[in-house]
């Protein structure tokens, strides 16, 4: 795409432009303070500011209120903002109450130049107009430089993940600790096989636009690969049609890989209903009637977490659960045999694959954790020293760190 | 104490005694018996009202004190940001605060950020104001600004310009010149703002977009599940917090104790605290009994 | 006792669901079947009118003059139509395209979303001095203890989540402290939801006794 | 082709959205993809609804167990579908709200949907009780901490919590139940939540990168499949 006219790719360039514009408008509007006798004083110092780092879709107009706009008195009622562009007709684009001194014009186009006037409206119907400002063209910025720290943080973290994926690919051995819930998967599938009872896989109740559902489907890929080997019955009820399609695709792939294409059956994955508790009613009914030996509850869960997990527990199933919703984790911890807590859910697919590159990414996110911990440590230490000694230097360190790590 | 209450206590006490007896003999309790007892624990105190003494906690007391301390005629904004799901816990707070505010002679502006909040708001307008304050006049003593779609957007606007978002009340009467909104240019001009809710947008958004920028005094009433996420804002950004039915019951107790003419008012917060308290006690007892069985069986295995 | 048929339907359905607590039975199966069928149809209609009619159709063909048509939405509809290739097994693999689009979009979106709100901002919020004073400038023991615990808990909790280092020695000890904090979190979370969840049950009981049976005043 | 194109699609769409975070003109991209998603989801619902009908029809024709209830499900499904799609009793026309109050569609929501949904949800109260009895046993140090924390919080939710410890002198008031409740929720609880949240953030980033870079490609399927 070609750069938009007037766009500056460098922050300082944009700032200088705005500053000059502001100065020009300042001087011109200073001359505007000449209320005629008997009329109401117009607002002064009309400034038009282009917001930094936006898409060039707004201009902010500000002014110093009319001398007659005194708080507590009601001589001035409002201010009217008028705009013209390209020598065309001037039109009112908005009115704000007395006491206000800014207006954001969000109906501007990037390619046009705009001239503004602001008028004081008096209670007695009188009006006082300011002089017009100079023409201003809203500026589009291709990069939001306020987010430069976020960008760097992304690079560092993403870089460390990619770096360790690469390191692992080249054959460097990486240690990964055991995750109990995942170690238990083999045993859980084996148990269902021995008992000749089905395995129930619940991927949460959210759709494919939820990252936990994606993570759950990735785990399903590994789990169903093992189930295919064991030739155990698998049932996956879903609450979203897209998850049904994706789930079928995933299981089918696993069965093909296991060389068991014959054992795959589309009806392993069934759409129930999109309604949260309608889904729960059906799945609870299934549990009681079919008595699955093993239940996986992996994905995004809400209030239904315990209703599902307790029912599963009551039919004597081994349950492996995992979610990234902090409020639901305790319910799983209480009612399930193994629970993947937050981050472990996302690490699970890498862990289960055992593939070096995937394990490398876990090492990469550990580096991220290390950085987070180091920053917390430095931040807390500096804040404590600053609090105890009143040292300006350390207070500066803290506020810098907080700025870097705070994004709107 | 009525026979009904005695009956309730006997049933629940008897059930727990039976559970304890079984547990001491090392026998697990059937889930269905637990279900039955929980059902009875909730149902009986509802049928035979069981009320407890409530001692207002500091978080609740500070809201009460603030409304007491404001000079009569102060202006208070109440926002109903909840749905029927949260209503059993939150509606009682909204009702008792409305009573307190009007009894103190303050003025109220009602509004809602939730489409479902309008119906809850109407409950207060139909069941509280005409019954307890027949003399209270719309426009003079209270105004219903109604629901406005736009979530945080609404808050951003009213933080600087309330009439812009609410040029009229819910029935189309222009708000300009209404005595209830006298001198109010923005939400920051109110003497106190209270949000009842627990979801999004709710008290958190009120703090971020209204209380922090304008510095207006702010308090919240919320469902018990949402209370912890609001704790960090107390006491600097939020002067008080009512959490769950317990918060409502504490406020009702404080109010009914001081305002004798309201000693017999409906107190749904206190009423549902009966079953709630009994349910908590039964659950605590179940935890203890579970551990009794566990340690018994462990000791048996140890000696065997 | 209520004379309203709607209340009666609601009450019977409520009892049917509660009967499941005792055991599975035909009454529950009936309620379950009604609920599943009705709710699937309900959401189908709501999604159809919300997304297909309101967002898509009126996005491409605006009902009012002056609104610019959003032709790019047609791309979304084409992707959606590709989902239907699943109905023809021989070209069913084409449905992977829209799925890949969704997977990419979700992964990209959540990566940034979580990074900012769950990651960076939480780190920033933890940077507080371990020595706190009251508004009056005196030492505040409660606040100080609180901040110290938040710091230790966050720090050791993160250690627990380390995957690439064995939980042994000092590191293992710290991870164990981390688990303790997580357990307090879980216990507390369980405890504080009890009140709201019990209120739900009270709400249902209230419906049965008040609205249906008319037992309560 | 079967695998390369899906991979490229994931890669390009994902990273474009990441870059869009930093670029105001692309900012709207995330919103637009959400609309795409909801359109795709409607098409998928045809598959889902079809699956529901197929499964239940099979159940009925083969006289499988509980086939009678399959009829109920199908009748309910088509009944709501018809009154919804054809807007029976709805004066709003095509553009009107499908669930406008007063329509049969709305009545189904109010009289069937709401009571059953709320009752299913309220089963949670019973399950909380059975889980408390069964799962909160002091098997080890972790479990003991969990059950103590839960008990203090629950006690704090009752009026007895206040009475139980009212005798504690003011200088030690931190040990009174309401204060303990507040303290537990605002300090250790906050710390645990934070560790979990930061962990999740890192987990999601690493997972997303694996998906976008094609290290993890189970969603793409297998050739010839």
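Per-chain numbering from 1; labels A, B, C and D assigned in written order.
Going forward, contacts are C-beta pairs under 8 Å (C-beta built on N, C-alpha and C of every residue); 3 or more make two chains touch, one makes a residue touch a chain.
Model, not experiment: these values are computed from the prediction.
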item: Chain closest to the middle [Cα centroid of all protein chains]; value: C
item: Selected pair, greater C-beta contact count between A-C and A-B; value: A-C
item: Gap in Å, rounded to a whole number, between the CA centres of chain B and chain A; value: 31
item: Between chain D and chain A, distance of the C-alpha-averaged centres to the nearest whole Å; value: 17
item: Computed distance of Cα centres, chain D from chain C, in Å; value: 4
item: In chain C, residues with contacts to at least two other chains; value: 17-18, 20-21, 29, 31-32, 35-40, 42-44, 47, 83, 86, 96, 99, 102-103, 105, 107, 109-110, 112, 114-115, 119, 123, 126, 151, 154-155, 158, 161, 182, 185-190, 192-195, 198, 200-201, 203
item: Multi-chain contact residues (two or more partners), chain D; value: 18, 21, 37, 40-41, 44-49, 52, 113, 116-118, 120-121, 123-126, 128, 130, 132, 134-136, 146-147, 150-151, 154, 157, 185-186, 189-190, 193, 196-200, 202, 204-205, 207-209, 211, 219, 221, 225
item: For chain A, residues contacting two or more additional chains; value: 150, 154, 157, 208-209, 211, 214, 242, 245-246, 249, 271-275, 277-278, 281, 314, 326-327, 329-331, 333-334, 341-344, 347, 362, 365, 369, 372
item: Chain D partner contacts - residues on chain A that touch it in the complex; value: 53-56, 140-144, 147, 150-151, 154, 157-158, 161-162, 165, 207-209, 211, 214-215, 217-218, 221-222, 240-242, 244-246, 249-250, 252-254, 256-257, 267, 270-278, 280-281, 303-304, 306-307, 310-311, 313-314, 324, 326, 329-331, 333-335, 341-347, 349-350, 353, 355, 357-358, 361-362, 364-365, 368-369, 372
item: In the complex, chain B residues that touch chain A; value: 31, 160-161, 163-164, 185, 225
item: Chain B residues within the chain C interface of the complex; value: 32, 35, 38-39, 42-43, 46-47, 85, 87-89, 223-225, 227-228, 244-246, 272, 275-276, 279-280, 283
item: Residues of chain A that touch chain B when the two form their complex; value: 96-97, 99-100, 314, 327
item: Of chain D, residues touching chain C in the complex; value: 2, 5-7, 9-18, 21, 30, 32-33, 35-50, 52, 66, 69-70, 72-81, 84-85, 94-95, 98-99, 105, 107-126, 128, 141-143, 145-154, 156-157, 174, 183-202, 204-205, 207-209, 211-212, 219-221, 225
